[in-house]
Amino acid sequence: MKKIINDAGNVVPEMVDGLVRSYPQYLRQIPDTEAVMRADEDSMAGKVGIVSGGGSGHEPAHAGFVGKGMLSGAVCGQVFTSPTPDQIYEAIKQADHGKGVFLVVKNYSGDVMNFDMAKDLAEVDDIQTKTIVVDDDIAVEDSLFTQGKRGVAGTVLMHKILGAAADQGASLDDLDQLAQAVLPNIKTIGIALHAATVPEVGKPGFELEDDEIEYGVGIHSEPGYKREKIKPSKEMAEELVAQIDKSLQLDSSKKYAVMVNGMGATPLMEQYIFSHDLLDLLKNKGITPSFMKVGNYMTSLDMAGLSLTVFEIKEDKWLDYLNYPVETIGW
Amino acid sequence: MTMALTVDNLIEWINNFSQKVNEHKDYLSELDTPIGDGDHGNNMARGVNAVQESLTNKKPAELTDAFKQVAMALISKVGGASGPLYGTAFLEMAKKSKDTTDLGELFTAANEGVKKRGGAKVGDKTMVDVFEPLAEKLTQGLLEQSEIDEAVEGTKDLVAKKGRASYLGERSVGHLDPGAMSSGYLFSALIETEGIL
Amino acid sequence: MKKIINDAGNVVPEMVDGLVRSYPQYLRQIPDTEAVMRADEDSMAGKVGIVSGGGSGHEPAHAGFVGKGMLSGAVCGQVFTSPTPDQIYEAIKQADHGKGVFLVVKNYSGDVMNFDMAKDLAEVDDIQTKTIVVDDDIAVEDSLFTQGKRGVAGTVLMHKILGAAADQGASLDDLDQLAQAVLPNIKTIGIALHAATVPEVGKPGFELEDDEIEYGVGIHSEPGYKREKIKPSKEMAEELVAQIDKSLQLDSSKKYAVMVNGMGATPLMEQYIFSHDLLDLLKNKGITPSFMKVGNYMTSLDMAGLSLTVFEIKEDKWLDYLNYPVETIGW
Amino acid sequence: MTMALTVDNLIEWINNFSQKVNEHKDYLSELDTPIGDGDHGNNMARGVNAVQESLTNKKPAELTDAFKQVAMALISKVGGASGPLYGTAFLEMAKKSKDTTDLGELFTAANEGVKKRGGAKVGDKTMVDVFEPLAEKLTQGLLEQSEIDEAVEGTKDLVAKKGRASYLGERSVGHLDPGAMSSGYLFSALIETEGIL
């Protein structure tokens, strides 16, 4: 393992310190926590706060999306490990301006349970909270008897939409309805060329041969649904689009937002080449995205690969939310 | 020496558990690699070290306080799935310890808490597969290392239904559940604590 | 080599196509070239255009800095290879609105010669041009008898400052004076954990052992000035700050802008940890940066590592230029 | 058959050069790796292939046109340092070809152009270390493969003063200059072209 770190057990506090001190115009840290709040949180007076968070290693998510028009706060857990209820609770307290706090949680047992416990703590203080559990990853079969699908890069689109609505004065109930309406329309699928190395572990989460790729990986080096010899970008795009198509029924009469998300070690050059192939495939279906982002938004440490998120825009308002101006590091 | 749970042997038990977790930290993370995200050892080590710090800084006067201190340290330091689950387990034991010091009853309460918090049941390839049968053995006064090993080993052939391993579906078969293993240490630590059972 | 590409010989056209089609609100491509212009170039009427460019493989540089408040156009050469004079000339023609065009060139023989030939072509059309040749990399000894220092990540700060000034109506001569005044105050030094792999070459530009790092690398896998066993981030930061200090004489009575730039495969987590160590070292010298950026701005394909740029802000106006709002993909 | 430069043998010469560049493309890039950025072979191959395309699409009527077509294809396709340098060399030969068909004179003009464009002189470990001595040999009617080899080999022990290799300073010693090698092919191609010398 070769990383620019000091102590593998101390990466998160050092990272959060470096982040907040590099961007004091956007961020401040809640003392004695790894929770990061908007530097201008006070300007949210009278509005609903939005708090997200999760394990670290996904930078710029989630702290990079804290700022005007997006999140009020983000709680940074240990690497790939949900943050703890006490810290989430601190962020909720600070994000509450009497109108309640909306929580964006990715669908992992740990995240769901820790945010639940934080909600319980907030309830004691009479802080109203609502939660959306994002599960956009279509690589995992859904089922009532299991944890279900994972929350991955599509979560960033959820942040963007809720953040824009909250900034424009949406109530906690409005946000709840909006989140519920948006959620089933966001679908993501990923691909890995190389797994991530957790600093405290010191070796990649799984091994791929020099010519192998894995389809359907998560953002914590969770293995995916199949492993193959590496192919041209165009064929990888075909596979991912086919999976999305199965789940969203892509249709030229509908509007879509698209996010191509780099996993951390994949350069923009490759992401743009993939986008070129993707846009060609969509064009063949008569689709030109109404909104598109390409870059590193929800990474997985030094994993090489990318994910494709397609979001069916069912209401024009949703597109306005995506285009709403923000002041953040990462969007 | 009466065979009963006291603040002192509770601390000894927890110390034994901490030692095991630290000793097997890499092993627990390794178990968490093929069917998880490779952090269970680090999560648990961070937790038990915080527990030890808490118990050293402020020795609890009462059993209930002791359980609560353990719970709070785990809840605020472990994170992930195991943090709220172990935290809930000890919080439930704290509550129950107001009425009884019987470890069978305490662990039955803990197990109910874990099941409620995480929604898992026996057979889902989680720590519940260790907690539930061994709480039962404790109640019967029959807890032995062989029972612990059997419970932990039993998770190997299961298909995971909860937690990260569930994303793998059938491919989770053939791997021990890391949380079951760490729970196994909690029970082994109990056996090794003189005078507690 | 494992990359998300199709044909190694075709990466640049595919990349440019993907980039421009993903962000039509910012960019358009000059037909039959790999030159990228502002989609709203017309709103530059009456202003001096700014054209940059260079080899590809440094994304988001340079096309990612094309947009309101920054560049008018960027010419994308082959990977690590200067663009050709005919394409630079096309971009100059389109960026000219009667007030001339300012060229930002990095100090490589190829870039200097190709931009020179393009200038010759523009002269025939009576398009006025001026050029700044950026050479911020202090890893290479300067000398009158050699090519001198390389242009690296500090070039992005030059784009930012000139772009802000041009947007506010600076003349070609104003920009020339500004660029000359700013240039000697920008210093950069880099470090690599792993070299870049040029797609057409198929293997890394140099080999580092699993525990080795190289100080003073360029952005084309040019080897640096020393190779060592990997160290904690803090010690790497000490080495880089010491080099910058030698060249800029860091002083608590002065103002600085700082850019920590990821090389392409180094995740933000590591960049923030490095920034934490860097800010501590600067604090020990009584310095808090007046402006800071951390992220991938001038990358080197899939190289792992980062560079540190320090810019002494001698005039308050320069800080205003850095803070001036822009509409680009990459800033 | 008169020994003189014609459009036909110029095309044959350039074809021979193209063939060598394509054949040794990887080798040229390899030479460019320790002291450059590993692209010289790809740059030159892209260039000579464009030249061949240009000459095939539109056969030049005059020598001057032929040189100019070669120059323009190289300038617009090679990029990097070698593009403008080779482009300038052929552009200067195009100009000079209005007055003379003597290859010695043509290459002397080419060499002056390269030196002016890039600012290098003999001993700086660049293509000038091949162009200058071999232009001289051509003028003397003494161009032979051994002279070419010697000129190319001679760059090995030099410290680079221009181009990317100069960033390495003393560490550039011990490596052949890639641009010198490709220039060597240009002269070898000349020798192999019947009736041109």
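Read from first to last, the chains carry the letters A, B, C and D; within each, the first residue is number 1.
Note that contacts are C-beta pairs under 8 Å (C-beta built on N, C-alpha and C of every residue); 3 or more make two chains touch, one makes a residue touch a chain.
Not measured: the values here are computed from a predicted model.
> Check every other chain and keep only those touching both chain C and chain D; list them.
Under the touch definition, chain C and chain D have no mutual neighbours whatsoever.
> Using Cα averages as centroids, what's the distance between chain B and chain C in whole Å?
53
> Centroid from C-alpha atoms only, then distance chain B to chain D, rounded to Å. What do you get?
75
> Please work out the Cα centroid separation of chain A and chain C, and write it as a whole number of Å.
29
> Calculate how many whole Å lie between the centre of chain A and the centre of chain B, each centre taken as the average of the chain's C-alpha atoms.
About 31 Å separates the centre of chain A from that of chain B.
> Please classify the inter-chain touch graph. Allowed labels: line, ring, star, complete, other.
line
> Which two-chain combinations touch?
Touching chain pairs, listed by label, are A-B, A-C, C-D.
> Within their complex, state which residues of chain C touch chain A.
Against chain A, the touching part of chain C is residues 2-7, 11, 14-19, 21-23, 56-57, 59-60, 64, 193-194, 210-211, 213, 230, 232-234, 236, 260, 264-279, 292-296, 299, 301-302, 304-306, 329.
> Under the stated contact criterion, what part of chain B meets chain A in this complex?
Listed in rising order, the residues of chain B that touch chain A are 29, 33-34, 36-39, 42-43, 46, 75-85, 87, 117-118, 160-164, 166-169, 171.
> What does chain C use to touch chain D in their complex?
Against chain D, chain C makes touches at 9, 55, 77-87, 108-110, 113-114, 116-117, 140-141, 145-147, 150, 198, 200-201, 205-206, 218, 220-223.
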